[in-house]
């Protein structure tokens, strides 16, 4: 099975999108960095394997493992029942707090305040799905293909708010003192997990062990804190 | 193989795809109409004896044709925003596509105008027609008729290219596909379905242009020359 | 310039294309109702001379007056000139996307602001004049070359010009079709239309011309009544007509 | 079929384009060294008849034999036929991307596998035959119409055909250039080349034809020696030649 | 996230531009050969061949290149043919170019006047000789400007190879932009690089067009 193949090859191929900061991105010298990148590096090191990043785009993360072009995905996959029909997930290795962020100056306390405001969101993300399903709240969504465009739309004023991780909202606030954004309304917290193609129970089992161990020893939390600026929820670390 | 295609899971979202296809078609129609007008005006500008005017038209054409549509869309979308102007994604998408296809149309129609034989224009001059009358009666329609197939292809290409407007939140067909596939992770089914819809849309457009051709070129209808 | 009552008069006309001197001092006059035929070998400047009359070419020197319009004047009202002058080319130049009727009524409706009904009436009349009544609703490509050329003549006639110019109107046609077109021109001449024509049909020229102009190297080398074709006085014209088989 | 020693013979040839009957039972024979001229009004099927001889059109019925090749046989060796038959069209059809010399040696080198040197020698010879020695290295567009047409004739001659077919080779030319080309054809006739030609030049036809074929509505309406042109026996031919001005 | 555009970014973009050029060359080599075959099939005397190729052309021209890329890379793997990203991108671009360029070239071959074909036939040249010595040399003259013009479209369209994992110019720009959040700056730089790659080719095509003196219609993609 796949686990044996990986061990025999002494190499693991991990699909990661390097254009979704702060999980996957390039640093100033164009080397991959980010929380997913370091998670992948930690996994490869623990298992004594060589690591190969398979660069993907949002749309090709799943087909890459389905067609065996990558072994696993570590690329901010949030777990939903719909997706679980198509691939298997490991235990969650991190979590993302999804929020709606608005300009600091704007008076927004709860959902009703968002009525009539355009909320930018990255298309097909769990935030998108969550907000789309809130039919009775009469939200106005503008969907963009990636986080960068989404953020730019909000910063430039094409949208009033953004629905994304709290991390991104805070960083936008730091980067644009002229139009500082802050988290206003909590959507929910999503679990992020490693994606594996269907039918590889042994690999899933081994990944689960690794995730549990590294949550307990705090290494995953450290990585998360480094890039997202906050701790993982305490419940996860048990 | 551990990949099982499950089309029903995708097909049950058909209203989304239908909405997306309809928006794609609307974008294509608006850009075709306005782009066609720009093309005619631009072609006249490029042929104009006024050096400044023809220069401006040339810069427009070259600037657009040598840069990717995506960049143009970003420039319009965020450029307007930085000027404090806020329009709906649909308006901006339609405007960007119009500007883009207008440049290509300008070139095609110019070629059509240039292909009208000199003798035709002299004959019209000999009949004392004014410049505007000559343009309208002798250059415009025969010129467009000559390049009609190329125009048709260009507008079909435009329809296919409109997919990049998903980047600025226009909910057209590709945007729907991206949404559905990241929501369900069923990329194969989604892409195959979307390919089929695009082929159908392009056939619809070609048929539409063919029918329109019969209306605006009565000679074709009478003599049955293929368009 | 005094035109002696001539409808068309050219005085000392010069014209070059770049370094090439095409017209090198041309003089002639055409009286009302006269037919002038221009002959000469290829490249001798016949077409250029004719085109200058309707200001499709501007001239470098000299003076041209047609129906009272000073053609050589840079501020001439071109459209007024062309309402008085009809011109027909070798290649017909019917508008291919319009029917014969639409071809004919285009200018009267656009230029003279004639009503559609009146213009259509007139289209029938001029088509009858060239023997094409029944082709009213045909497209040019559905007609033979001779029929197309006759339709082109009818189109010009519909503007009721005072002078008609013809440039080798039959040279794209076979002998029989040539005959058709020449018959129409003969009828026009009999009706008293003032005409200037370039042609290679020597037999026809003999029959119809009141005046023949033989051009050679941009000059009027010999001119006079049609009889010069049978008894030329210059060796060049003799050689030219002798070549006719 | 018995060809009576004729180089070209056609028997009861029928040919339609869709519903249009273009050849409706054509018969003729051309003996070695004979010149046959086909005349008739436009659309009477002259070009089609000529093109059938070199199998540019297939026939529906009847039999054609040219230089011993059964042209109407579906399994004919086309290339062998065309090595024996030279054909020249109205529009010259020189290859614009090749010089006159390259135009001429193309077929001998490719088809007859002649050496380049031999082919070039021969190119000089045939060009001399048409009076164009000095144009060896010119491109077609650098030549006048008459010169292009003569070069096209030379290109055909270089294949040393046994029969030459000409389809209105002078009708795109002015009278002077026409004279040049006809002179070349006369010289070929004097050399004993078997020829079939479609032409509108009645004067020339009278001078050169051993046999004249007058086509009318897809049939050979009248035929005989060149004298039929001056004393036609059918009213149609009389009308046709009478039209000649 | 954050930081500003530096030399490393430009180097990264340069690397992406090299892939753009490389993929364009592959597209042209592969697509050119396939297009030639398509063009010949489109004018084949065999009706069935003509219809099948016409259907192929319609199908490819109606499908977004992105989808062709996706299906040839992941689709072929899914049915058991594992194929490298380079092979998949090469194959997709070849298919795509063949449909468009094949149509352009067919038009150019057919634009050689019919009498030229007949004259060549009349000289007893074989089919192959007719094509190579008479028709193609003339067709190439007609075809050069639109072909060069089409190269511009190919260069821009190689950006879709990002779907099979290539970090070419557009994707490189996207990665940088998503680290910097500076879309104006980044996309302007990308636009300039594309313009620098495309404009000389557009100019060349225009020059060729003027020199050949033929009125023509440019093949175009957005």
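For reference, chains read A, B, C, D and E in written order, and residue numbers begin at 1 within each chain.
As a convention for this text, contacts are C-beta pairs under 8 Å (C-beta built on N, C-alpha and C of every residue); 3 or more make two chains touch, one makes a residue touch a chain.
All values derive from a computational prediction rather than experimental measurement.
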item: Chain C and chain A - chains in contact with each; value: B
item: Contact-graph separation of chain A and chain D, given in steps at minimum; value: 2
item: Most widely separated chain from chain E, with each centre as the mean of CA atoms; value: C
item: Leader among chain pairs (count of C-beta contacts); value: B-E
item: Rounded Å distance, chain B centre to chain E centre (Cα mean); value: 20
item: Length of the line joining the C-alpha centres of chain D and chain E, rounded to whole Å; value: 46
item: Cα-centroid distance, chain B relative to chain C, in whole angstrom; value: 46
item: Separation of chain B from chain D, taking each centre as the mean of its C-alpha atoms, in whole Å; value: 52
item: Where chain E touches two or more other chains, by residue; value: 70, 74, 78, 183
item: In chain B, residues with contacts to at least two other chains; value: 3, 74, 78, 187-188
item: Chain C, residues touching no fewer than two other chains; value: none
item: Touch relationships between chains, expressed as pairs; value: A-B, A-E, B-C, B-E, C-D, D-E
item: Interfacial residue positions of chain C with respect to chain D in the complex; value: 41-42, 144-145, 171, 174-179, 182, 200-204, 207, 240, 243-245
item: Partner chain E, residues of chain A touching it in the complex; value: 18-22, 25-30, 54-57, 59-60, 63-64, 66-69, 146-149, 151-152, 155, 171-172, 175
item: Chain A residues within the chain B interface of the complex; value: 58-60, 62-63, 66-67, 82-83, 85-87, 120, 123-125, 128-129, 142-145, 149, 152-153, 156-158, 197-199
item: In the complex, chain E residues that touch chain A; value: 1-3, 6, 8-9, 11-12, 70, 74, 77-78, 82, 162-165, 167, 171, 174-179, 181, 183
item: Residues on chain B engaged by chain C in the complex (per definition of touch); value: 117, 119-120, 122-130, 133, 137-138, 141-142, 145, 217, 219, 222-223
